[in-house]
């Protein structure tokens, strides 16, 4: 069974059971975004996590093996994403990337925000003028090594 | 005077005076990231903001006119950014974009996070295992209109 | 059943029954362009809309579930569209995009026309020198937030 | 004098004199969008139009010659536009292009909307929930010739 | 039945029966190039044309329906064609495109040769130094509309 | 003096003197399209041709040397041309390329139309429904060598 | 049967019978490189050649028909080849292309080496420091036609 | 002095003195193609070679220093070359690359033809049907190392 | 059986048997990286190596034939790799490529590090601040041939 | 003074003084590859390092300021590098990237080799069959964070 076949089964079961990413996150004791990333094929599950997922979704245990392999990561079909929601994240990088670089260098020195030792949080902030999507990235600062 | 010439003068003055984006943000009563975006040529200043900036940086008032025009936005030279710090933001979209889309749709329905009615905050979170860069995006949720 | 399979069934039924987008628009109480977009897989239907569509087209109710998921949007296979009719829309952006930007900024200030809080109307304007296609875009103006 | 040099002079004079595209459109008895396109280097002026423009903007008559040459048209630097306002027009083609094609074929048969025998109108529609940008394209329908 | 399936059946029948594009053109009272374009999936047939084609090629009448839909046009797999015969047409545009533009503007003014109200003729011109391929494009001149 | 500098001088002189490509073609006893190609930097002139051109345009003889070098050919800035007139030639290849290939193979066998032993003619065909641009390509058929 | 299916059968039979391109070249009285090109789907066989090939490889005569059609030529999947052996030919063009152009123009005048009236020879040149691959291209010089 | 400035001086002197690549090759006791590659900025000269070149071309000795630095190699502006002569080399790789790979593997095993331990020869082969360009590549075969 | 089918069988057997690349490397008396490359379809096995692999993995001997053919090499789906681990190797080339070129030229003269007479070693270096991945490339220096 | 201007001065001085990267590395007590990266504009120097560099190279102290700013990193002009030496590093990633990923995951689990907490060493290994370039990458292993 390939990872994609396993994911298709799990996503179909999630829809049939009417479970949300928040529900699955509770089961796995992980964040809803990480769980969604795992179900999009972008993260590696432990044997225990895979088993819990299969159980709560009521799928065959066969799906658990491919989920434990480190995936070939990268979920976009095109260099510039075409879906409008995902494109907005590209646009933020395109418009504000140099500003974020300048500010981070001023605050931290030469280095980067890790995308590996990294997590994402997504919240809904209610607002009478229209609710807001609040996305928080937290990545370890990695200073450039000199040698 | 073109916008780029004005920005070059302002950025050189900022460096000479040893002022940070935080300093300028206080002067303008705006956030440091917005000020950095303005100095990277990605935002439009009001006449008052342009004048305050020229004053605090001690530059000729000639720089203020081009800053008040809406710029041609987009600061990257290449489709996929090559600078490692900026690339990490692209990688986050590449790896986690479909997960963020799935979670946002589950929380908000079909629509997007605006990149226009939008703001960015950047903080340093001290951590004994290595300080963390915390970047927060806050964008108004825009539901797809049906007609 | 995937969205594409559902759409193939619905489009085939539409052709068999000889129904136009205008006919379906009347059934759904929506505009013909929105209905076409939905049948091209670019919009999310409510449960009621999906059921009405399946009924009027006489298809199995199984098609209704995938239509209610927010789709991965973006319908072109290539960055620059190759179909001549669709290319003309690209050419208009290519030739007149900077002029439209200059005029919109002059009329509204710095911001954009939303493509989300947005609708399209298409009319035939009869003309002895050749009928005209009249396409109207209406999008909410979104001013750039300063923060 | 190249067209670009002439346009730079004219645009600087327009800004100095505080004239809008609407003002220039009245002078030339043309639409504001066409005038903006001409000033973005995307249209050919007649000798009379070029002279009127130079006069109202108070520039040397030298600028009038290059404006009368058919330009090399196409104003975008990149295949996919990066400026958010212009990108939204690309996104509309990307998301709704196939729907517009389907509707136009249903209404007119096989053919295209001309982008040459073509005009654009832009209006502000006031709306308490936020003003709307209304862009209307009107192009002659050209049926595919069979031979 | 998809258009591609119908075309595969028709092209196989054409080969089996040893009929040329010239033969089919006589049957349909159309030009051989237009018939070839139709069989490459780039043109829309009338009901009568589709029926005549199916009859002369002895195929099931089922093939006639998809041929009457306006196709998604564009027959090349890559932006720059790789087949040497087709590439030469690209090369002509690449090398002589600006010269043809200059000459057409001098002869006709600012506008284009339509590729829609358009036809192609291909002839063999015998020549002792080697026969020549003579390809003639005839397209209506469309002057740019000013508005 | 580079070729581009020489061409800029010659094209400016052509405009000042009000000479057309047809006029220059008569001087050089060549076709107007070839002369336009030469002035777009896409063909090599003989010493006599270069001298005649400099004389009729009244320019310094210095321009004649670079015109006699075989140029680096290819006049488009982008892979897919953006100018609408030139794009239509690309679109013809995109839409009709496979049909022309099929017809040429049926008429001539496996081989190509040369773009080197090749000429272009452009004529205006008057037509009450709108004048037509008639472009004729004539290239030697080159059969594929087998060895 | 498609050309690809025919080629798969022939290449499998070649491997099973342990025949080399040199062996097949002897059978067909053609060069080994041309035979390899034919088996890679890049050349058209005569009826006799196709029959000889099917006979020596012991395959069904059904494979002979598709081999006699002019193929859609071009065998690379990507613009820049990724296979290291094939990439080296790209690199030679990239590094030495302008030098070869300069030398050919100096020796022959303005024109090209035909890739159609063209043949390739490949030999092994034994050398104590390491055998050498000797690839010889022979193409007819085609001078640019002036008209 | 940059390499490009040195090369511009040397190429201008070559043209003024009417010297061919063959002439310079005799001076340097190297092949004409290598000399052309050096003058296109694609090879490194020894101090003696640089001095000989400057002397025979009568240029200042200042040009000799940059020629002795290993250049950043690669002479094409675009991924797919647009100049027709250079494109033909690309087309040969595109059409015959897989055939050459198959033949070289059959003759030599798994490995490549070096493009570094490599030389090119170009000859004119007179032929009553049209002279032929004969280009010979000779590169050391490098077998893939297994470890 | 294609190479991909054979590799899928072998990789599945490797996972079922719980064997590592180190285990297989011992069996074949080769390095773990080379074995991994072979199992990713990027290297040619000898008959003996293929047989040993099939035996230790307990698969049908049928898999051994395709492994002995030189593969079409190149394992990435996109020009710029999207998987973060593989991207880091691209980034190293992007950021440090010119520095490595400068240092290698200073140490060795004009030439390259072979990627054919080449091997890779990967080690884990334990480090209290976090273990390190140590990747060593060893390639024969190939000086540019002058001729 | 821009960073590029400072680097041009420093590189020219390095050449005039005949100093190697090894010499400069000794002065700065850093590795020769890091120093080369700094002189290629890919690393940030401390004030002390910049001053030492200016002193040993005898340049004006004005060059030291731009070297202390974090640069916009990324040194290649094209996505796929064209210089053969640098291309080989791309080819290694292209051919061996998936194998290195598989081995690193087997040795370390899911994560990456950092390209930030990272260093490069380059050595010459003498070998009678031809000296070898030995490039060693050492990067901290960063495990994927789960949250």
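Per-chain numbering from 1; labels A, B, C, D, E, F, G, H, I and J assigned in written order.
Keep in mind that, in the parts below, a residue touches a chain if its C-beta (ideal position, glycine included) is under 8 Å from a C-beta of that chain, and two chains touch if they have at least 3 such contacts.
Owing to the predicted nature of the structure, the values given are computational and were not obtained by experimental measurement.
Visitor: Starting at chain B, how many touch steps does it take at minimum to reach chain E?
Guide: 2
Visitor: What is the size of the turn, to the nearest 5°, that moves the C-alpha atoms of chain F onto the matching ones in chain H?
Guide: That rotation is 70 degrees, given to the nearest 5.
Visitor: Write down the chain pair with more C-beta contact pairs when I-J is set against B-I.
Guide: By number of C-beta pairs in contact, I-J is the larger.
Visitor: Where the CA atoms of chain B average out and where those of chain G average out, how many Å apart are those spots?
Guide: Here chain B and chain G have centroids separated by 54 Å.
Visitor: If you average the Cα atoms of chain G and of chain H to get two centres, how far apart are those centres in Å?
Guide: That pair's centroid distance is 23 Å.
Visitor: Quick check: how many Å separate the C-alpha centres of chain G and chain I?
Guide: Distance between chain centres: 30 Å.
Visitor: Give the residues of chain C touching no fewer than two other chains, as numbers and ranges.
Guide: As it turns out, chain C has residues touching two or more other chains at 33, 72-74, 76, 79-80, 82-85, 91, 94-95, 101, 105, 111-112, 114-118, 142.
Visitor: Which chains are in touch, pair by pair?
Guide: Every pair of chains meeting the touch criterion: A-B, A-C, A-D, A-I, A-J, B-C, B-D, B-I, B-J, C-D, C-E, C-F, D-E, D-F, E-F, E-G, E-H, F-G, F-H, G-H, G-I, G-J, H-I, H-J, I-J.
Visitor: Within their complex, state which residues of chain D touch chain A.
Guide: Where chain D meets chain A, its residues are 80, 82, 84, 87, 91, 94-95.
Visitor: Contact residues on chain G for chain H in the complex?
Guide: 20-22, 32-33, 36-37, 39-40, 42, 73-76, 79-81, 83-86, 88-108, 111-115, 117-118, 120, 122, 124-125, 127, 129-142
Visitor: Provide the residue numbers of chain C that touch chain B in the complex, in ascending order.
Guide: So the residues of chain C in touch with chain B come to 30-31, 33-34, 43-44, 70, 72, 101, 105, 109-112, 114, 116-119, 142-147.
Visitor: Considering the complex alone, what residue numbers of chain J touch chain H?
Guide: Contact set of chain J toward chain H: 15, 78, 80, 82-85.
Visitor: Using the touch rule from the top, collect the residues of chain C that touch chain A in their complex.
Guide: Per the stated touch rule, the residues are 65, 72-74, 76, 79, 115-116.
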